[in-house]
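Questions regarding the structure given below will be posed in turn.
Chain IDs A, B, C and D follow the sequence of writing; residue 1 opens each chain.
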């Protein structure tokens, strides 16, 4: 079997981060998180577990909300969303994220869309997965220029959510809330811990010997390239077409 | 033409109190207020004015709200409801109303249903019409035993609504908010100012000579006994059947 | 979704639960109420959203309610609610007097995940005077502007009756959006329905707005004519004669008991 | 209800108005936006509920926006919003940075007639740091529990596009309930629709939940394909190629001007 592509590796990483959860919400233009969620759902069904519920925002077919755009936030505030994905033009070593712009606000050098719901979701969703494929010092900075949402909060600030992991095209980090610091967990195939160090603008912890991100097993890849790829194609046809396909023998 | 019955007289009084308004809400079991509102609507249409909008609560056909039971209160809070009717087991001379019970709360001697939305609506609807057919010292007391909603508020309490008039089976009062006091405006046919005084447990102002409530003119009665009676029958068939009927000559 | 029996549905309501129920015209789970009476689940904290009728009167009359939080209880055209009135007079239940929009606001706070909601009006009423759990604060955005705030209300259980659910657990609530508010705010939502649809209620974009998503629904049981003797919007009107019969019988404890014996038997047969 | 022309509809928006518009997938009145550009209504305080795309970019690019209050502006798959980005860099507009649920909360406060709404999160963000109009208070129901409160937001005008209205002025909004929130909160609501229904949209209890009552609707104009090049739920998808063409041309002021000349002509023809 063909080894996992880089995107497939990320999808499998996402799936590992979502295993065992009940409900995840993903953005309309987030095919890799969506694919990871669909992989978990398929695995749950095969294992006879209650399958992961997936809400795809902005989608007509996969949006099960009926109370308008605010329902995502209400639902999260009620504790009914276990995981959510956030990105950012900048992410710093304390887990702060910047979706607004680089340079001195408001006259930003580069302007990004804006904070969307991040300033809220980061506080209320228990397992926020920071996902940014580009792994460069321009993204992973020592200190963001604008805090759309802070990585941690003072003890008296009500907060049950926050960064759980940071997944990039190069590596997977966990986040220690007490120390407000990332820890390098594994490096994806084709990269070294040294590559990660050079591409990261903030300090982080790392084990003496950084493991490689676990390879996807054949069963997982078969599921991904068959059923999940077909499900994914309904919402993300262009992205799905870039993934390897596996067909059952006729 | 047969003179107005007592109920017809009350309906015409209600209509006079609602003339010129845009939107009135009435309870599902309030046929006289509803009939008065329907009379105004018919008069508006005949005069070519924008007709009064009527929301009948709890009705499936005449409830134009689509956001659940809370929409009445939201709509009133937005200033979109000009008039509303409230009653009460007790009403006192300061305009306080009691929908909870007589005697010392919570061990009331007589328990009524409860305050419903009165504690809110009395504050936000500009023209609240207190309507209680029974005119007796047991209803119109010096001081209510439980204030479901106060007639007036301190100057610093945000309040654009409150009692506008008190209509009973015997008389019509206006309300002076600055003095927190009712004023007898007119006495219905068949009663005297003295009757009113004997049946009212609170003090109120009155002109030296109290006029009789103006009679309904023939055109109004024709409209009421024809079109309005028919419209009323859709929501309040039993009540409508007690009103005189007028049919156009075939 | 978990399609269950009426008995199993009400078994999910523990004694002492904070139980939210809707007003008469929204879809009252009367068959489930009979099952609850049969089961004898007591010590309930009943929250009427925002008022109730025969359902609250029955639960109070049967001694299952420790605390009753409501804006009103009435049998409507059939008159006052006799067991509620008797309990109020005897002070045999703890009464928490409310006003409709404050109950909605408290549930909305839970829906939004905030600890309180501000609400206008109410100041100077005895409703406020008797609510140790409500506060008056100064509006932080204005000078000398007192405003009531009510704390979030998150019922243990929301229980109501609706025309239909689909096999995925979505429930049609139409424009009775207080049912959605109850479900958003509650920890567990139990629904009885007239029937189960094989096709998803969310499939048609035109009427999807009137659907409570399965996400908020814990258990569903079929109960045909499950709101009787109350009505169900779009399905059947209230049985006024039966409610009047109840109103008459429930004037005495003995009459109430006789009525209930038959009422509970009916639920056993259903 | 007042059925009017597109030109008369946008004439109801005065210069300097606080104008609320919905997010791309809810129903954006793009034909009306073209008419607004043609009319040259400027000095607008544009509120995106809670974000925007091409509509905000066009209004900003044409110099009609003095203040922009939004959670984000993006052209989605077509990339960043070029005129918005340029205006942010030049500081040629006043930017009020927000986060989605705070915009919803501020409108909800207006819907409820309360001066503010509490909202969790946000504390410690620069969104909060730049909002002089938001406050952090101590939750009056707990000790040492700071919480953000946002003031009520009551736009002068809400403007959106929907599939249909009926001749009584009721408008189908489906499950895009943010459109209702906007209308509840706004002083005036202007709606463009694909078509007018002769029968009342409230007649069918099944889909009445997805209808905004006429009570909240000031004026309605027919604009066929009135959301183009954006999509309209249940009706037509977004025209991705056209949005990409806009994204390309709007990179320069000259390209933007050329695009707009044709865009506004199209509105004149409609």
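One rule holds in what follows: a residue touches a chain if its C-beta (ideal position, glycine included) is under 8 Å from a C-beta of that chain, and two chains touch if they have at least 3 such contacts.
Keep in mind it's a predicted model, so treat the numbers as computed, not measured.
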Query raised in the report: Looking at A-D and B-D, which pair shares more C-beta contacts?
Result: A-D
**Report entry** Where chain A and chain D are represented by their mean Cα positions, the distance between them in whole Å
**Finding:** 29
Query - Rounded Å distance, chain B centre to chain D centre (Cα mean) - result: 40
Query - Centroid distance [mean C-alpha coordinates] between chain B and chain A, Å - result: 60
Query - Approximate Å spacing (C-alpha centroids) for the pair chain C, chain D - result: 36
Report summary line: Each of the following residues of chain C touches two or more other chains, namely 112-114, 119-120, 145, 147, 175, 177, 180, 205, 208-210, 233-234
**Report entry** Multi-chain contact sites of chain B, meaning residues that touch two or more partners
**Finding:** 60, 65-67, 77, 124
Report summary line: Touching pairs here come out as A-C, A-D, B-C, B-D, C-D
Report task. Flag every residue of chain C that touches chain D in the complex, lowest number first. Result -> 105, 112-120, 135, 137, 139-142, 145, 147, 149, 151, 172-175, 177, 205-210, 233-234
**Report entry** Touching residues on chain D, where the partner in the complex is chain B
**Finding:** 110-114, 170, 180, 184-185, 202, 205, 208-216
Requested in this report: Spell out the part of chain A that touches chain C in their complex, as residue ranges.
Outcome: 23, 53, 60, 64-67, 74-80, 124
Report summary line: Given the complex, residues on chain A that touch chain D span 29, 58, 60, 65-70, 73, 77, 99-101, 105-109, 111-124, 146-150, 153-154, 156-159
Report summary line: The chain C residues in contact with chain B across the complex are 23, 25-26, 49-51, 70-74, 76-77, 80-81, 84-85, 88-91, 95, 97-102, 104, 108, 119-130, 144-147, 175-181, 233-234
